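Quick one: this structure, given as structure tokens, is what I'll be asking you about.
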Amino acid sequence: MTQFASSHGSPSPDDAVDTRPVILEMENITKKIGGRTILHDVSLAVRQGELKVLIGPSGAGKSTFLQCVNLLIAPDAGNIILKGEKVEPHHKPSLYALRQQVGMIFQDFNLFDHLTAQENVAIALRKVRGFSKREASLRAMAELERVGLSRRAGLYPAELSGGQKQRVAIARALAMDPQVILLDEPTSALDPELVGEVLAVIRELASNGMTMIMATHQMEFARALATEIIFMEQGRIIERGSPDALLAPGAGTRTADFCSKLLAEECGC
Amino acid sequence: MLESIETVISALPFLGQGALVTIGTVVLAMLGGFVLGVPLAVGQVYGPMPLRQFVRLYVWFFRGVPILVLLFLFYFGLAFQLELDISPFAASCIVLGCTSAAYQSQIFRGSINAIAQGQLRAAYALGMSTPMAIGAIILPQALRLAIPGWTNEYSILLKDSALVSVLGTMELMSRTKAIATSTTEYTAFYLAAAGLYFIITFAGVRALRALEARVRIPGYTPM
Amino acid sequence: MLGFTDPSVLWDRVLPALNQGLGMTVLLVVPSAILGFFGGIVVGALRVYGPAWCQRITNIYVAVFRGVPLLLQLYFIYFALPKWGIYFSAYQAAITGFILCSAAYHSEYVRGALLSIRQGQTKAAQALGFTQWQTVRSIIVPQALRLALPGCGNEVIYLVKYSSLAYTLTFIELTGQAKELAARTFSYIEIYLAAGLYYLVLTTLAAWILRRLERKLAIPGFGHPH
């Protein structure tokens, strides 16, 4: 029924053989903008319940890649395969079906400014999934409850804090019963004291077995929860592996190097 | 002096009827301009290239030609040359409506462009089609943002409506001119008409401000 | 009835008449635009820097001329003022109306521009030893003119179109010529379209000049308050 019904627990990266089914596969995604290649042949397969974390310097192509996954940006080459079926980017029903099943969380929330929190969650249920008004608001209320915002359901985006906005955005994505959720730096636009509440919701999703691909600079979070870390630079995947392997002390990886730089920036030394 | 005032007062019902015709013309033209202006704006922002070019051509034409010339073109052209059965009132509403559509389309285009683009992406990410996203997400916000521009357009249109008197529509301006000429009380009648135009402007602006406040989104200020 | 089957009619009668009307239109627009603009600067400056009583009077003036249809203003000048012993020819009445009305509109843009220049800059100039006049001349005017330019330019484009109202005072300019021709030939559509085209050329030309001027005077990052 809902994504929370999934029976998988938190994934353990130590499993020798992963038998969980692959839900979403990106094959050789290439994207050029204005003659510059922004993504070179990027491939990624995501299994049920996995949390893939994309990291990399600004301009690496993380956002572009994530938006290629649900075809908000059309790749120039490569395939998107959802549950074994290749998505036809130019076939509208196939495109809309993909987007319904792949939720997206944006860095800057992108809530609909003219709708209350509850209406923000309900609108796609009504317009896209054909729920009645009543069904949609009930479902929206349930999703807001889940992210701890049922008491704010009647407020408009301009009346919510950044953290609350992002939680509404998560509820909005969850309401569509997505198979996979893409998160593009969901906490980067937040004041430091608000980051925690959003990460807590995402952590909850992960422990309930939600499949996610997330671009983030929150390394502690990635280390604790990622099934795999993917390090991107200049449109290529440079390194990939479990957090333990990539971030082990003295691993000497680009990822570890990048992380220590991030840490240094954070404490300003 | 006192005589002039008495003459004007006794003519007030006559002028009042003219004011009603003026209001009717302006309301119809505003609505017509709205019904035509919204698709023009949407077409110019989201439409394919040929449609965008068409909208630009339309706006260029109706913003570049004087209303008097358009009135003569439509009324005499349609009624006399093409022998269509069209009243001066209908011709006035069509011309003012088409002109207003050109201006309104640019108001709506501005307000569509003022909406954060991320919202459209978010709508697509939820599986909405483009018409769905425009109808459910973009327009409800754009139309709210457009109300101040619309208020301005109303007061311009009201003043332009005086021009339809050249076709002999019996609205406020032509009635004022007729009665001022026949009584030779020019000063008194033109001042009275000015007062009536002020009142109609004021009432309409107040109504649109009230609408703006009514549909305001709490806490929201556009970027 | 004259048709357009005979092209010589077009060349021999219609175009010369329209060209003559165009000349009259230019004679209306150019002085009105120039004097209206300078009037607008004076009124706009008075509305911002003038003494209180002066601000009140100029504000009322602007409210009246922006609130009343231009046609009504022209009729008042041409038909009502003679009763008070003030006589105008049709041309003078039209020009007077255009100047008074467009000065009111121009003053709105000038006032907005003056108000949006930050107080700090005047203070800074004074701190550098500028006199009042030097501050106005080299700090305020260059900025205010740039800020007011788009609005004032549009006003001139409007003036081109509204100059057609002069025909209602029996001053035969472009629209008046078209009306006479159309009434004689019954070729309403062709003649009014031709007149419309003349106006389109004028307004497009004015808009093009305005854009070039704006681009020429543009300062990076300046003038985008929103």
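Order as written gives the chain letters A, B and C; numbering starts at 1 within each chain.
Following the convention adopted for this analysis, a residue touches a chain if its C-beta (ideal position, glycine included) is under 8 Å from a C-beta of that chain, and two chains touch if they have at least 3 such contacts.
Quick caveat, the model's predicted, so the values are computed rather than measured.
Counting hops only between chains that touch, chain A reaches chain C in a minimum of 2. Nearest to the global CA centroid, when each chain is reduced to the mean of its CA atoms, is chain B.
Between the Cα centres of chain A and chain C there is a gap of 56 Å. Inter-chain spacing, taken between the CA centroids of chain B and chain C, is 21 Å. Averaging C-alpha coordinates per chain places the centre of chain A 47 Å away from that of chain B. The touching residues of chain C, counted against chain B in their complex, run 64, 67-72, 75-76, 79-80, 83-84, 161-165, 167-168, 175, 178-179, 182, 186-189, 192-193, 195-196, 199-200, 203-204, 226. Taken in their complex, chain B has these residues touching chain A: 115-116, 118-119, 121-129, 132, 136-137, 140-141, 144, 217-221.
Within the complex formed with chain B, the chain A residues making contact are 67, 70, 72, 92, 96-97, 99-100, 102-104, 106, 108-114, 123-124, 127-128, 155-159, 169, 172-173, 176.
Listing the residues of chain B that touch chain C in their complex gives 60-61, 63-70, 72-73, 76-77, 80-82, 155, 158-163, 165-166, 173, 176-177, 180-181, 184, 186-187, 190, 193-194, 197-198, 201, 223.
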